[in-house]
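Got a structure here, written out as structure tokens. Questions coming.
Chain naming follows the written order as A, B, C and D, and within any one chain the residues start at number 1.
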Amino acid sequence: MSDTASRTAILLIHCPDRRGIVAAISRFLSEHGGNIVDLDQHVDVEQGVFFMRAEWELKGFALPADGIAEAFRRQLAEPFEMTWRLHFSDERPRMALFVSRLAHCLYDLLARWQTGELAVDIPLIISNHPDLRPVAERFGIDYYHLPVTPDTKAKVERQQNDLLAEYRVDFAVLARYMQILSADFIHAWPERIINIHHSFLPAFAGARPYHAAHERGVKIIGATSHYVTEDLDAGPIIEQDVTRVTHRDAVSDLVRKGRDLEQLVLARAVWLHVQRKTLVYQNRTVVFD
Amino acid sequence: MSDTASRTAILLIHCPDRRGIVAAISRFLSEHGGNIVDLDQHVDVEQGVFFMRAEWELKGFALPADGIAEAFRRQLAEPFEMTWRLHFSDERPRMALFVSRLAHCLYDLLARWQTGELAVDIPLIISNHPDLRPVAERFGIDYYHLPVTPDTKAKVERQQNDLLAEYRVDFAVLARYMQILSADFIHAWPERIINIHHSFLPAFAGARPYHAAHERGVKIIGATSHYVTEDLDAGPIIEQDVTRVTHRDAVSDLVRKGRDLEQLVLARAVWLHVQRKTLVYQNRTVVFD
Amino acid sequence: MSDTASRTAILLIHCPDRRGIVAAISRFLSEHGGNIVDLDQHVDVEQGVFFMRAEWELKGFALPADGIAEAFRRQLAEPFEMTWRLHFSDERPRMALFVSRLAHCLYDLLARWQTGELAVDIPLIISNHPDLRPVAERFGIDYYHLPVTPDTKAKVERQQNDLLAEYRVDFAVLARYMQILSADFIHAWPERIINIHHSFLPAFAGARPYHAAHERGVKIIGATSHYVTEDLDAGPIIEQDVTRVTHRDAVSDLVRKGRDLEQLVLARAVWLHVQRKTLVYQNRTVVFD
Amino acid sequence: MSDTASRTAILLIHCPDRRGIVAAISRFLSEHGGNIVDLDQHVDVEQGVFFMRAEWELKGFALPADGIAEAFRRQLAEPFEMTWRLHFSDERPRMALFVSRLAHCLYDLLARWQTGELAVDIPLIISNHPDLRPVAERFGIDYYHLPVTPDTKAKVERQQNDLLAEYRVDFAVLARYMQILSADFIHAWPERIINIHHSFLPAFAGARPYHAAHERGVKIIGATSHYVTEDLDAGPIIEQDVTRVTHRDAVSDLVRKGRDLEQLVLARAVWLHVQRKTLVYQNRTVVFD
């Protein structure tokens, strides 16, 4: 990827594969004088699907930024039956954080936001516990303590939804939020809720994965970040990583080693999402890195 | 581990944990003038179990090699209720290989045997297919083609058992042997059959793990070597390793990348077994490395 | 390692190797009723040096905590010519942080301190730049801005030394502090200054390692945490880690990927130091993990 | 990469970057009905260089295989000042192996050749020692023992060159060949000699890298495969990998662990070369994987 700081446009595309797609897209860009800084394509031969991420400088591009979508739709998206999104590098998505009691992923994301690594705004933090309010205050972020019980769950989710709307949130990150969201809530945010699960999925889905990993005697533990879907812990995987453990590691050691994995894997997944480098197709992700 | 080539004795122990075990064992060794070259112990505090591997030079040790077991039993093993094994570094275990059609793990183990990395004898190779006979012949090893059908399985297992007895085999390695062994066969060889499974267990147990991994869209694949128990793919894990994959990898790429993992993980597990560095307890391994 | 929370004593030892050391130490512990929770020893056969870390519960130990050192000295340390240190698990070392302009390692260490992962006190942060004062204030830690020029360097180091004394600091961490400390300063803090270098040492020592790595075209980059010695970037290595890069990664990508390595590797090194798991011998570390 | 077995053409290109290159190339392919199965491009923005690897099916392509080069030269290579190579997937390059006394890399490459993973012919093995002749015989490959002394070096290199010519060799692999080739020899085989160095270059270049790594006390060791250039151990890196070591590892352990790295890294580099996935530019490689 280039060391460029100028404003760029980013296209994410998937469509039925056929000859000439790359030629058509690259002609569209070159005809208008677009200087491509990154172009990555992938063909799933088995499924017959074409995927592309193209990023080009707006400086010198003949079309005005707000005219690109319409021109692209007419000339390319419709003829090729594309599913597509257009982004600009200076968009600054608004990210909500959901947390429970564990602070490590929260601290890590806030630090990456403060140092400018994550080009997002973080307008609010929602939690089912009061514990992390001091962290939110330390970073000057609104904190909502919304306790969840089986009885109040539906009502709380409506409150959460209202908050996300009120704060004009683009996507949400479950930073070790230990509540299961309802199908209704998830449907309202397709490919816009990112979770971190503390195991190498599909191994040890569900509760207490470190206990299960210790019980099974694995020699490697992992963490998995994925988009949340209705199926618990079964959404499209964005990023995974692992680390070695031995017989000397008690469950508490797995928890400690796992924390580093969790925060790292979640941070990478959020970064990929913010950089518009992820595409979801048939419950899998195409990650353009 | 030391760069020593002199003959050593190796003790593998587990027993209920209590105060003074280390003192008693190390006194036993120092009283007889044993020069310890490696001493590794572990206490499972939760289960209250003590584990140890001790290796010491026989040169200068006051007890004769064939008198150690009896002295150890009387002075230590019985008072401390130890489960234990005594080995000598110049033992050369006899290893049988079971294969089907895939050659990579077989070649890898044979190469390690030829270069002296694996201090074993390999008297025979057993297969349910004829394909790898030329490899066996190339290395001068007897090859038995014993095809397995549901009807002949019991009879073939008796033949296999007879061969293992006839060739005085100490342990067997399933180097991508694609047949499930019966409970009876497995019971006869406790902690003496090593398998390689082509996934990061417990994820993707069973058949066609690379297809399942591709379908699930994981970002990392793995391989697992374990002692074979009655429960398919659920025996005590000796070693695991993983490698990254991306959306660009077709199933055939996972198979290719996975081969390297399989042969490496299996080779390490066999090496640990041959070096007497593994202890099994409650379906987990203690690996002294 | 055990899931125990009770108070423990920790002995770190090295001495000339001879027969009977383990027996003598373990007898010392068992005679006084010490319940060993962790015992790790290592013999450097080539150098003839014995290393040990022993941790045992003080509950039930016959010697009072403040009598252990004297008894150990008389019975063991002197006869065996040991270099040794005795620690207690409830000591809470006081850690000073030195920073320049980059915030990621600072944030990471502060988060680990806040969540209780690092059982230290952090009384002050020293910097040659004013930039990170807001971070210090956010966490309520005193911040000293001491700019360094070739002319003022000696004077500033005296100020730094006075601050470390005033705040009763036990050890210092250079969390991407971009100044070279003088030999005098370093001599005053042997094995008590931990640095993070942003390369896989000994490759790319010195300035601008990511540029050098990019120029050389390596496929893997790393980070190294080490105790600071007079020789720049040549002190005993505590921890290292690496990550893959490709031709697609510009220097700015190496910097971004490297940040995660830096903070992770530094955090692990600090944790090992705080847990009393490191021993330095002949410019190398023995890490008991 | 696709699960396709049909015959493909592969283009490797680099040229000064300018707008419209991708459009021109993809139009060339689509105009003639080429079905692209893999397209990977990279722009080095700093250097202003464009790189591409394109692979397309010959089935249905309007140009005959032997007419592609001429058409491409005229329409694209000359106007865009491209440096380029055209390959076909059914070419089977002829690979010579140079070895000394260590067998592990040799065995590993021979096994990958036998199993079909490496689509090459291996007509001969050249060695400065007689030791590995039995391995060559086992696999039915001609073996030339050409001892090298300072006095005979020039003469031996002429013999080696003659052999490579006689056996119509396309590229050579130094599989732990412990002789330094002369500049003349190397110049005759640009980007066609692949070496494996047993360290994580640029750390520990030169002789005895495992001893140097042990002496320095690193926590990770590595291996590096690179194209051979006049500068010893400084050629363009194709692949690297690493593994963890601890204070417990003697030099002999580093050697053992390193062997696995060496054979794996070398095998990957050879595979990438054979798959036409490497491009060299300014002493670095672009690896299209």
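Basically, a contact is a pair of C-beta atoms (placed from the backbone, for glycine too) under 8 Å apart; a residue touches a chain by one contact, two chains touch by 3 or more.
Computed from a prediction, not measured in an experiment: that's the story for all the values here.
Between the chain pairs A-D and A-B, more C-beta pairs are in contact across A-B. Distance from the centre of subunit C peaks at D, each centre being the average of the chain's Cα atoms. Computed from the mean C-alpha positions, the centre of subunit A lies at a distance of 37 Å from the centre of subunit D.
For this pair, subunit A with subunit B, the centres built from the Cα atoms lie 41 Å apart.
For subunit D, residues touching at least two other chains, in rising order: 2-3, 45-46, 248, 250.
Here subunit A touches subunit C in the complex through residues 1-3, 102-104, 107-108, 110-112, 114-115, 117, 135, 138-139, 248-253, 256, 259-260, 264, 267, going by the rule given at the top.
Of all residues in subunit A, only 2-4, 19-20, 22-23, 26-27, 29-31, 33-41, 43, 45-46, 244 touch subunit D in the complex they form. Remark: subunit C residues 42, 44-46, 51, 200-204, 216-220, 222, 236-242, 246-248, 250, 283-287 touch subunit D in the complex.
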